[in-house]
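The following blocks contain the structures, represented as structure tokens.
Both of the next two complexes hold chain A, though its partner changes from chain B to chain C.
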Partner chain A sequence: MLKILAIARNTFKEAVRNRILYILLIFALLIMASSGVISDLTIAAKDKLIKDLGLASISFFGLLIAVFVGIGLVYNEMDKKTIYTIISKPIDRYQFVLGKYGGLLLTVYVMMLIMTAFFLFVIYFQDLVSDETVSAAIGKISEQGIYQAPTVAQYGMYLIQSFFVATGRTMGTLLQLYHSPLTANILAVVGYSCLELAIITAFAILYSTVSSPTLSAIFTVLTFIIGRMSEDIIRYAWRLNEKGLTVALGGKLKYWFVVAAAHVSPNLELFNKRSEAIYKEEVPWDGLAVYYGIVYSAMIILLAIIVFRRRNFK
Partner chain B sequence: MNEWRKIIWGIIFIILLVGVIATQHRQLEQVQKYAPYRDSMYLPTPQYVKLIALGYDMILADFLWLRSIQSFGAHFTTDRDYRPIYNLFDVITDLDPKFIPAYTFGQMVIGEEGRNHEQGLALIDKGMLKNPRHYILPYWAGYVCVWDIQDYQRAKYYYRQALKSPDCPDHVHRILSYIELKWGRYRIAYEKYIEDYLRALDQNNDVIIALTKRRLREVISRWYVKVLNEAAAKYKEKFGKEIEKLDDLVKEGVLGSSQLPHHARLLNLIDQYERRGERMMPYFQEIVQKSFVEIKGIPPEPYGLFYYIRPERTSQNSDFISDAHDIIDHVKVLVRAVRTDIARYKELHGAYPKTLDELYGEKFKSLEPFGGEWIYNPNTGEFFPSTVPDI
Partner chain C sequence: MAIVETTDLTKVYVQDVIGVEYGRIKIRLKGRRVAALQELNLTVNEGEIFGLLGPNGAGKTTAIKIFMGLIFPTEGNARIMGKPLGDRRVKAQIGFLPENPYFYDYLKGWEFLDYYGQLYGMARKTRRAKIDEILEMVGLTHAANLPLRGYSKGMLQRIGLGQALLNDPRIVFLDEPQSGLDPFGRKEMRDIILNLKEEGKTVFFSSHILSDAEMICDRVGILYKGKLINVGYLRDLLSAQIKEYEIVASNLQEEMLKDLEGKCERVIVRKQDVMVCVRQKADAEKIVRTILASPAQLVSYIPRQETLEEYFIRQIEGGGQ
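The block that comes next holds the complex of A and B.
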């Protein structure tokens, strides 16, 4: 276990030195920060736009981080021959793969935590500086009943104050000291996204053990696409059945192949809870998704271990 | 040497950057001049868009939503042809079926602005199927049916659907009553308003009590006017001419007695039941039944005013008889305006105008609305209609 942790720690250290990680992170944060501007373009559902953009950014950039950081992890060890130093030590290959997976997952989760914290900050800050809140907080009604807007200095002070309040609330939310239905929903969505990325990261590691980074990137992205379309794959099978195209042997084989593909490919839509977070009061607990995420990731990592154990480094 | 190289590369970069910005600036100017927007006519069908969204359906719907707003604004300020953006709303609502503003805004663009009400309502129907527990969509459609296409039957369907939603506000009941009133189904409107009134009494809702009380009087007034107009039509059929005096309806036997609600009696009844200190709703049927009386001849005008024979019939209103209450407010405004003009004339010229024609420099064309004449006294500056002298 200690060996796995040591490899995971090293993998994490190595990953955080990767510049692409920071470029992706900056992009994600910029998009979330711009949500206030984007929402100004709408005539309704401003809050929805901000939440959609933030949650989609966390999911999408989490995916990109998993892909671009994960694809070279094992391959680079082999390419730079450092793998020889490692496997010559009393470390089993499964420990190496598990360590790599753990390190990469930790990197992805840390990045998601940063993005989530920033997103929560954006939501809190947007709420504090909305026209209605500012009017209520520092606007005044004169004796004649006319609204008087705050001065620039008052507004500046209010912005600084809001910055600290939003930061405090963000920290409070992450430490579970500050609760609101909205933040609980956001944290639930991020939790399910983490499970989704556990599967994608496992695939990235698997592909990294057998192919070059470019091919691994392509395979991982394709896996993600297939995963997001797995429900459409089974719909296609049903369609074949409905249209009576499964009578002939060829049709039957096609049908069973599609059904098998739909069952084997990762069902990533299961982890997409963004709609529930926006429209429902509470994101319902989905034990099946949690179970599926853990089991599927374990299965892919096991496959990666089997493949990696069979590799000949002589 | 290396330093010089760096500076030269830097200068080249800046020159290229300036070139790019200048070219782009020129292109943007052209875009602003000739193509302020790009339509989305060639957007694929919703199924394909959903497929390529890869689970990011909602964010894609948001993007198309912003685009629809921009596109609408561009068309609104130019050709007002919104057909190219119709399918945007279809795609948005397929990507994010719970996005209620997309249905309502889409209906507004397609139906109200594009004058394609059927297609606009079809979008709302789609939203109702996908959001059955939201009252706002059928409520919105009901509004369109009442005010835009005057299809009361359909409006009633939508408002009834809205009432099935748990979040439906109470006033939708009153809208249904109002539809019956507008539709001329006075009996139903009358009962519905009594129901609303009693419910408001049980809930101690003063605003609704005042509102429904006012509406009840309006229903009774219109009902009476309808009875009078039916009699006037019979009179015309019988004698081949229009009535000249209301009394003719009774004299010639075309207006007999009929069972009609009585406003004062209704209010008395409600007052009596209210004094018992019990809930009012259980007495609804009883109150309705008891509020009807047999009225012989001309029914009493519920506002304490009078009925008048309309001087002319138009394509919008072919009634022979109207209730003075319907236009009394307009008459008041006209009288007030003329009185102000008279006072101003006196201020300027030191004396009242000799005639109203002199006041306005042309013939005073406004007809006295109740069939009488305008009374003007050049000595005192008094002005009023002969039929309502104390207006």
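The block that comes next holds the complex of A and C.
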């Protein structure tokens, strides 16, 4: 166990000393910071847009971090042969896989935490920024009907003002904030996103034990996309089958293939609680999603261990 | 006592067109087969320095990787300290330095050793003391807080050796420990290896730099195209073969020189000195006696041993085909 922790800690160290991580993080924070401005461009449902955009970017950048940081981590060990000295130490190969998975997951979660904290900061406090500053930051339409973009100084003013107002309010409401239903909803959504990323990270590890980083990245992203759609695919296929329209799916064989494939791929839509958080009062506890996430990740990691155990390091 | 023993150790790389292999289950569309190691039978005794020698691609690294559990043999088996490969208790007593090591360049020297110490399961206190000791030994105390990114090749090799010795191993495997080092670095590596032997550790190393091997090995094995051509004590392998006798004399008379030119392999005249080489001991002694009886002076009489390099080339030419 201590050895797994040592490997996980080293993996985390490697990740946080990697520049890509910060580039991704900065992008995520910039998008969230801008969501206030973007939402001012919409006519209605300003709150909903901010929330949707923020929550979507947390989940999306979580995915990007898992893919771009994660895949390099395992592959580099083999490519640069550092794994030679690790495997020859008194550890088992499964400990290596678990350590890598743990370290990567920790990295992803720490980043999620930072993004979530920043996001809460944005949604709570951007309303407090004066309208003039906001409109200056959006830019204006001149009398001739030409859009004039804000100057850097105006935009900077907006960011600085948001920052100070927000910091002041944060101090005051830090304790209340925890109890607010909005915060609870957002944390719930992020929590389910974390489960989703546990599965995706497990896939990233599995793929990178058997193929090159580029292929692994493509596979992982594809898994994510298919996973997000699998529920729809199954539903669509069933509906067609019920109506006797399997011809549209290219015959029975192809129908069963599609259904089987959709079942094997992870059902990631289960973890998407954004609409509940935005349009409903609260995000309900979804026991199925929690167990599904844990069991599915465990199975994929088990598969990665099985593959890794018999691997020759040429 | 044997510390490493292999029986018919074979590794065949199959370049599969399609290949899935898991334990006994094999599904494959076979491509070209490349035997990296063929029926290696080898014994290494405890406390000796054993050199596995051979040209590039001979299978040296393959053998070491099998010992380290990085690859699995196709056939045959090996035992280290009497236990099958991959045994964790055995691994805890092994040190390993791979060829051209590359380590985590984002770690500082000290952090790197600390990480590996944790993998050996060493307690924090022991780790600290041992790391200081190791850094001192490999001469990197000054670089302990520098990231490995800034290390030179020689420094990387030294910190690599450091991680291999962290656990006070009974046996150390070094894959080409001297490749890429300057003469000074090679000498240091040699001294460290000899020190390890003095401490009672077994050293198993592979090399193609024969002059270095000659200086430190007790026994050598010669590997060529995956086959072990010969193995034995260096002195037995070499001293049995006196290659030629070299006689140098000065102020030799004309007719004697002519006489020698007819009898000897080579005659080299340099000013008043003459060097002659003969294969047979009896011939050499006869020449020496003649020179002594004549007014000429005998400068030297040296029976020349075969160097490891010459032996090596002869072995490969004989056994490789």
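FYI, the second predicted complex is superposed on the first by the 251 of 314 C-alpha atoms of A that agree within 3 Å, B and C clash if a C-alpha of one lies under 4 Å from a C-alpha of the other, contacts with A are read in each partner's own complex, and residues count from 1 in each chain.
Here, contacts are C-beta pairs under 8 Å (C-beta built on N, C-alpha and C of every residue); 3 or more make two chains touch, one makes a residue touch a chain.
From a predicted model like this one, the values you see are computed outputs, not experimental measurements.
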Inset, instruction - Could you check whether chain B and chain C clash or fit when both are placed on chain A? - result: fit
Inset, instruction - Using the superposition on chain A described above, determine whether A:Ile306 touches chain B (first), chain C (second), both, or neither. - result: second
Legend entry - Which of chain B and chain C A:Asn10 touches, first, second, both or neither: second
Inset, instruction - For A:Leu2, select first, second, both or neither according to whether it touches chain B, chain C, the two together, or no partner. - result: second
Inset, instruction - Classify the contacts of A:Thr85 with the two partner chains as first (chain B alone), second (chain C alone), both, or neither. - result: second
Inset, instruction - Figure out whether A:Asp52 sits in contact with chain B (first) or chain C (second), or with both, or with neither. - result: first
Inset, instruction - Classify the contacts of A:Phe60 with the two partner chains as first (chain B alone), second (chain C alone), both, or neither. - result: first
Inset, instruction - Report for A:Met229: first if it touches chain B alone, second if chain C alone, otherwise both or neither. - result: first
Legend entry - chain B versus chain C - smallest C-alpha distance in the overlay, whole Å: 23
Legend entry - Contacts on chain A seen with chain B and repeated with chain C across the two complexes: none
Inset, instruction - Over in the complex, which chain B residues touch chain A? Could you list them? - result: 51, 54-59, 62, 65-66, 69-70, 96, 98-99, 101, 105
Legend entry - Residue ranges of chain A in contact with chain B within the complex: 38, 41-45, 48-49, 52-53, 56, 59-60, 224-225, 228-229, 232, 268-269, 272, 274-275, 278-279
Legend entry - List of chain A residues in touch with chain C within their complex: 2-3, 6-7, 10, 13-14, 17-18, 80-92, 306-307, 310, 312-314
Legend entry - Interface residues, chain C side, partner chain A - complex: 13, 21-23, 65, 68-72, 88-89, 91-92, 94, 96-98, 101-104, 106-107, 111, 115-116, 118-121, 160, 163-164
